[in-house]
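First chain A sits with chain B, and in the next complex the same chain sits with chain C.
The block that comes next holds the complex of A and B.
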């Protein structure tokens, strides 16, 4: 556990979607991280004013590097800076990685159902990447249900398509505003029926990880509990915000 | 001072002396919990204090509402850096609940519906410092915020204010609860920034 503030260097930036960017950081002294953990990032203005926000680790890298993917909120204080201003070579103060609860344990053989809304896919991607890296170590079946506004707002699309060729991962998208051209799919918000048709059955006793805006996580977790999934198998991470329902 | 990020100005909502270090003000009421929101009907709810001699003091919802009620206005501080000032609550003081309890223990563990736990020293619950709250802003406390009733210990980080609380267990020795076992500080004083281990 690393709990003080450390200085990370930005060693790479990639535009993930029109509104999100992935930052690759080097954090000297870091020796890997657990899939699902997050870091706190602290920005300091010239007059000493500071702002701290949490960001999940997206990567599953050994060693002293890690990646974050940040979604810009129009009226946000910190996210626009991380998405537009930060450049390779800049330094950022980082605390962590922290968190020992919302993490996937590669030694756990349980089937895993991941459910993401928007940027909530970030810590789940760390789990998917750790799972893929562990194979043939982990034979746990993984499923991701991913709610996105449109095909071009999904993070890590090409990599997810590639990883989903494995029989150990399946990915289902729900498009809330705009579906892929020619797919014949009507965009709609995730509803209980779509959710229950897509997730692993109760009898598989899956471990759930749900992440996204607060309203999304609240609603999805409620549907699962009402459908008979035991609450103690459902782990959630709420990113905040009050908008964006499923 | 930390590393300056050129071009970062921020919103500077930090000049309020009521704001502990590292906290920013929020007008909303963020929800943070580790799993689904338990939904407990008041007639299923009960609150217990269990002592080291296994004596159980028990209040049903109606008995709890019949106790002396306090209206309190308090600032609250979440470990994830938001603070909300001047929040108003209605509930029963822990001083009232402990009137009939005999115990020599200095530590308590709060237990919640849904399995959550958090440890709080007894001293931090007594002396007008903590409540079991069931109204927020004049309204019944919503399930997402811990309804029907939650612990309210405003002078510690808000994870100590266990939602859906169902009881307190007296402990001879301090023990970590849920978040304390997952990397958070044993005590959690916002003014000393006791966030993580």
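The block that comes next holds the complex of A and C.
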């Protein structure tokens, strides 16, 4: 197995939200990937200093292209560069896609409960896209619980609205700072009661994929285990950061 | 990998073993994050993706989620990669685990 760093070309950029951007890359020789995998991106400064960060693949494309969505962290080393500087035609060093564990298997008929905090929706979107592309092949019911700061900070909103018209996908938002105008919803952080009311019931034996900042993932996984969901059905992807709990 | 400056102690800022798939793909022929490892310290067995990853500037540490002892250490000097596996008494790799990386390039 030969691996290592390969050069990808940036072939498209889309502003996703005010603070996030989607990069479309072409990685020559790539023939698709599994939904949920990530790549490592390496930046090298002129003095040779390197920085490596992981980014989940957002797309579910069969060929040599893939999309990443990167959220800018104000004091970040790498993300501001990817969100503001990188332009179409630039080259990026990429390792992967890698990771065979935090992936959805289209052949698995289990109901799937996805739970995202902020940019943690990225690999879950790849699963949702793969699921939609597989249908009518996959009849596994999918649910997404998505915690966002405000209505305009959610990624892929229009596409999710469209996909949620299928009986096989339902999407529930939790707004932590600002709810949609006129909705009457009071913004609040995700709590155990809201979580347990929104997710598939224990009896459905759902497969869970939880992704987001480390504290978010940990807290949510903990609530589920306490509520009786078996730990071995819960897969997590911590994005790092000591940041806020749900 | 993420989190520069983390010296790899057993603090709270860790990632899932899955996040180590990239660096480990440079060492193992199959995806080692889905391999089962047995902790030499407490005997817990589980997929390495369920271990805790502490990236640091020289590579990374994988710690047992049961007892927090070190399962695997990867030291990358740029010129060499050193893997310390003595924290595991056993490691079972899936022969058909799709390569740790979908090989993007026929060259190199």
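The working rule: the second predicted complex is superposed on the first by the 244 of 246 C-alpha atoms of A that agree within 3 Å, B and C clash if a C-alpha of one lies under 4 Å from a C-alpha of the other, contacts with A are read in each partner's own complex, and residues count from 1 in each chain.
Note that in this section a contact is a pair of C-beta atoms (placed from the backbone, for glycine too) under 8 Å apart; a residue touches a chain by one contact, two chains touch by 3 or more.
In this text, all values refer to a predicted model and were calculated from it rather than measured experimentally.
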Practice item. Using the overlay on chain A, decide if chain B and chain C clash or can fit next to each other. Key: clash
**Study point:** Which superposed partner A:99 touches (first chain B, second chain C, both, neither)
**Key:** both
Practice item. Answer with first, second, both or neither: which of chain B and chain C does A:46 touch in the superposed model? Key: first
**Study point:** Touched partner set for A:64, first chain B, second chain C, both or neither
**Key:** second
Practice item. Please work out whether A:236 is in contact with chain B alone, chain C alone, both, or neither, and reply first, second, both or neither. Key: both
Check your understanding: With the two structures laid over each other on chain A, which partner does A:81 touch: chain B (first), chain C (second), both, or neither?
Key -> first
Review point. Is A:30 touching the first partner chain B, the second partner chain C, both, or neither of them?
Key: second
Exercise for review: Could you tell me if A:203 is touching chain B, chain C, both of them or neither one (first, second, both, neither)?
Suggested key: neither
Point to revise | Which of chain B and chain C A:224 touches, first, second, both or neither | key: first
Practice item. Determine, for the stretches 62-70, 98-106, 116-124 or 134-142 of chain B, which one clashes with chain C when the structures are superposed. Key: 116-124
Point to revise | Contact residues common to both interfaces of chain A (with chain B and with chain C) | key: 1, 3, 40, 51-54, 77, 95, 98-102, 214, 235-236, 238, 240, 242
Exercise for review: In the complex, go through chain A and note every residue touching chain B.
Suggested key: 1, 3, 5, 7, 40, 42-46, 48-54, 77-78, 81, 85-86, 90-93, 95, 98-102, 214, 218, 221-222, 224-225, 231-232, 234-236, 238, 240, 242
**Study point:** Complex contact set, residues of chain C against chain A
**Key:** 1-4, 12-19, 21-23, 25-26, 28-31, 33-34, 47, 49-50, 97-106, 108
Revision key, fill the gap. Within the complex, chain C is touched by chain A residues 1-4, 6, 27-34, 38-40, 51-54, 64, 77, 94-102, 214, 235-242
Study note, to complete from the structure: Counting only contacts in the complex, chain B reaches chain A at residues 1-12, 14, 22, 24, 28, 30-38, 80-81, 114-115, 144, 178-179, 181-183, 195-197
